[in-house]
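Each structure below is given as structure tokens.
Both complexes shown next keep chain A, but they swap its partner, so chain B is in the first and chain C is in the second.
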Partner chain A sequence: MDFVFPNEVNVTWTVMIVLYPYITGLVAGAFIVSSLYHVFGVEALRPVARFSLASAFVFLLFATLPLLIHLGQPTRAFNIMVTPNFTSAMAGFGYIYSAYSLLVVLEIWFVMRSEFIARARRGGLVGLCCRAILLGNLFESDATRAADHRIARVLAGVGIPMACLLHGYVGFLFGSIKANPWWSTPLMFVIFIFSAIVSGIAVLIFHYFVVSWINGWKVDQPCVRSLGRYLWGFMIVAVALELLEIMSIAYKQTEEWEVLGQLIEQKLMITYVILQFLVFSLVPFLLLAISALFKLRDKLANAIIWTAATMLLFQVLLMRWNVVVGGQLLSKSMRGFTDYFPGLWEKEGLAVAAVIFTLPFGILWVFNRIVPLFPNAERRSA
Partner chain B sequence: MSKELSRRELLKVLGAGSGLLLIHCGPVPPLPGTETDYDWEAHFWGYAIDTTKCIGCNACMRACRAENDVPEGVNRTWVERYRIDAHESVRVDIADKGDYVFEPVAGDVARAFFVPKICNHCEKSVCSQVCPVGASYMSKDGVVLVDHQRCIGCGYCVQACPYGTRYIDPRTHMADKCTLCYHRITRGLQPACVASCPTGARMFGDLKDPKSTLSTVLRQGRYRLLRPEMGTHPKCYYLGLDREVV
Partner chain C sequence: MSGQLEKNDFRHTYRLIAVLVLFVVGAAFARWWAVPETFGQFGRYRGAAVASARTETVPRYVGEETCADCHEDQVELHDKDAHARVPCETCHGPGKEHAEAEGEAPIARPEGKGACLVCHQRLAARPGSFPQIEWREHYKFVGVADESVECTRCHDPHEPLYMDRDLRTARLHPMIHRCRDCHQGREDESLERPENHPPIFECSYCHGPIVEDFAGRTHASVRCTSCHIFFREDESTGRIIRDADPRFCLLCHRAADFRSDDAPPGIEWPAHREEMGTFPEDADKRCIDCHRENIHASEVSQ
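Let's look at the complex of A and B:
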């Protein structure tokens, strides 16, 4: 097992293409949390409903940036929408992404209209911007609020299948590559949807705790417990699906297992078996099980849930890495593997990835300055 | 001192302008160097490789690089050397660096042979299917090409090709691949790799012409395709291919 086709020595899709499904997943996951409140009426999630919607929005803003950086001809990026080739799975991305973006923007507009009006009335440059966002209409009454609420609910309802479509579609981009046995599975898009929800809930928990800690707020305990339980449930489904997929291939002992087994053993033992499953799946599973099944003191439960959420953020990142990079380590000669280690300062390197991943949090901070995302947050008692 | 434009003059100007616009927007001119009477609907090109004739000299690789200015580190064609020992253990290598000469090897070899590889110009080319902007396409004469005015360099075709024959050109950051030397075949010449092969292991011909050498060879049916299970319907036909080759 040592022969790699000569054009496969260098991996084509690297860190940016790992980051792209990761950020898209955060968008879809955060949106679904907000919909749990807006559509399904999960009252416990009310404290993070706006925060989750705003998080989906800011991640959405940066979801395409890694793609743009990756493209060899970024100035032609819009050709994907202007001159699409509809036999390509990738050609739909521009339309799906644009439609979903429009929906999220509209939902934010209707959900937060009252807050935008209040901010517009305070005047100043920000107030002027808010007035522009509101299209100059600052009128508000019980009737308008009720109408806004109704529309937002419908948008949130429509948004759930769209969020699944957006991220399921990203999974399909990989799952439809028949030349690559590591990618080519119809389960890929289902796995991507569930892992997206896991990462979305995890990033909300992680960020909610950090924001509360920085501002000296008390976290809403029922909300955190509820998020923890949802995270537990969705991570079980996500991990189970992935394990079932690989176990089914392994059990059948088909020809492709001969190479996939070696891929796992020789190239992905650390990132896939040890880190993704044994450390970053098993430990959060146990932690969340403890927090969900036992009566723990709030402080301890919070520490456990936050740790599990943070670990699951890494778990999903590792999953993306193992899918995107792992699939390219296996040569289509089926006779060997190549190697890849990301650079720090290169165009598609780790430093750029870190900056891209940090930017949404900065925008979210600005967003919160304009429209408070936690209007009912209570101060922590000394 | 402004002169008023009469109606007739205005119509003349507009007519001339529209004429120029029509000329500008008219049919796409032929590619440079292909202004011949070449009719791309009259041909459907195919390729065959007789692995029993290949001696691994790599003249094809050198010719391809020179003809198509292929940069170092990527390949439009290459030759694989297979060495299989008595225990059916397979070792494969290529000579794609320096002077493209295979290193001599010693040891237990039950059988050994060379297998040239090239884009299969598949009838159902998956690279064309997945290209999001239609930059990868099959010409009417059956050659899978990349339109460098359109390619966005996403690399999806590179991932989708089951044969590993595509690459991202490090100079242009766009996808590239074998064109069957399109600039040559449309002038009645053979691809550089075929023309340079000293043993005739590489064959090129018109599948629409029943009298072509390629059609004659293929009619016997003694050929194999690479990875037929992919459903890509390759047009690169292998004669005398060992069972170990994928």
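Let's look at the complex of A and C:
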């Protein structure tokens, strides 16, 4: 037949590869919130500063787990670290991810050293673990606290460009695949950074409310309002960029549009046009605008902000889905499309994805048992 | 907490710095230990792998002729049918071990729809002339209600279309185009030809009387090429089949528990033929010998 059929029966990058940029985005976003307090001194965010740093850490622990599950030979994943090939985008990610992990661990070490010391002094197995984390040195004074504060601030400052780089790099992995017109755009990096920040803030708001509700705490109103406003601002930029990207391709009517237009019209109408934009972008935008522009009662404002944040979590997940899966639905011949929907119980299926996404919350719960993330939380009056 | 900090105030970080230094040293050691000596000799891989691959890699495929030594019947069937150009080991996998052990070593016998759909799943990138299906649509077309039924319940992979004559010598026919050859797999594409479509090659141009006659027969809703399957050979020609083997008709008409209510009329086989007569001359009768009027009138058939 003089040619080989491209194998388009299987979409190789599954829902695991959707989850990977999603969780990485949560890391970068949560870290940026913590840096808003630690570096830029946004005092309103103080109540969630530690919580956001710890969230960044736990999501970081699981960011590459979907990749390991996706790999047929997970042990070989480390080869890209041991024998780095600097022309490989994925190897580059390995280094950025490792460096960033180290930075987050160090920042937690410096920011929460006092709490670890307090816990270590209480003894027990957990105390022993804390002692090990502190490398056996429990000495503390005002001067060491000041030193820790200064180092943490430097780390947080260095962390901002690194967080952007980390997630921009995930965008780079897709944006630099020039054979795929759905991915190959320099805007991809910027879009990924902003959507990461949106998802990071959204997950913090979502989780903060849930945790407060479970524990009967009063949420810190200025903090929530401030987070809501940041979320609003960043989501406007993120969605505007997403729209600009597609509008630019559509307006230019390049040869790619012939197939991308069909992709949007036929395959991604529901997940991209209706859900990602019309439902999960437009509605949170309006909700957050209302909460930011009008004087609402706290309870109503909170309900609105929480709903918008939860919806934006889905918006970013949908965006990842539409990028990762959407790009692969295109036939490599550009003549049409293939199909994909994950199974529930398969190795890279929905159940595994749900477990991976739930695990960081579990680890965060354990983290909070060791070092309280909300030491100043007030109980809600009955 | 502000004010001038002194060197001593950072004492508690010394151990941390030591750990970090240890980590860097450990990483350097790990790299030294883990990277093979010949890594990078030719490129970003272990250089010695080239030499070892030369000695370790053995040809694991044996080719159809070796298969034919023991499986002559299957190879013969296979060679005259639609899969004639598919080597045995494409489906069965490398056969060297199996052949050397004279059949004692197992050989792959692919199961499940996936094994067939690897080649026959309808994909935009595949040329329209290659046989490909959406299996649910296909099951609906032939009246298979039970989705768990496998392709092999109807199609024998060794002779998937039960051709009664050799495909390689089937009648040469000018190219027959399908919609998909020109129209990029639009899902909303209708099978109805638009009124303003430019005239292209039609069956009726050459086979006018047959096409005209066929329109009044019970099979009128079936396209000519559903039975007269066209196999493209080059840019302008291919081979077209005229299959009268009963098993070819039975692909749609065999009665089975998996058929849907609106399936094409099903018949019990071979009980049906036995019911029709026990004279010796009936033994080799084909469906078309009695049911020709459902397809083409005998005087226009050729």
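Throughout what follows, the second predicted complex is superposed on the first by the 376 of 382 C-alpha atoms of A that agree within 3 Å, B and C clash if a C-alpha of one lies under 4 Å from a C-alpha of the other, contacts with A are read in each partner's own complex, and residues count from 1 in each chain.
What we mean here is this: a contact is a pair of C-beta atoms (placed from the backbone, for glycine too) under 8 Å apart; a residue touches a chain by one contact, two chains touch by 3 or more.
These figures come from a predicted structure and were not determined experimentally.
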Clash or fit, chain B versus chain C on superposed chain A: clash
Touching partner for A:Trp13 - first (chain B), second (chain C), both, neither: first
Touched partner set for A:Trp109, first chain B, second chain C, both or neither: second
Which of chain B and chain C A:Met90 touches, first, second, both or neither: first
Which of chain B and chain C A:His149 touches, first, second, both or neither: second
Chain B versus chain C as contact partner of A:Asn376, first or second or both or neither: neither
First (chain B), second (chain C), both or neither touched by A:Leu71: first
First (chain B), second (chain C), both or neither touched by A:Lys332: both
Part of chain B, among the options 25-33, 187-195 or 223-231, whose backbone runs into chain C after overlay: 25-33
Chain B/chain C common contact set on chain A: 5-9, 83, 85, 331-333, 335
Interfacial residue positions of chain C with respect to chain A in the complex: 1-3, 5-6, 8-13, 15-16, 19, 30-31, 34-35, 39-40, 44, 114, 117-119, 121, 123-126, 130, 184-188
Touching residues on chain A, where the partner in the complex is chain C: 1, 5-9, 82-83, 85, 106, 109, 113, 135-137, 139-147, 149-151, 259, 262, 266, 331-333, 335-338
Sites on chain B touched by chain A in the complex: 73-75, 78, 80, 90-94, 96, 117, 126, 128-134, 150-156, 158-168, 172-175, 230-231, 246
Sites on chain A touched by chain B in the complex: 2-3, 5-10, 12-13, 67, 70-74, 76-77, 79-80, 83-85, 87-91, 93, 173, 176-180, 328, 331-335
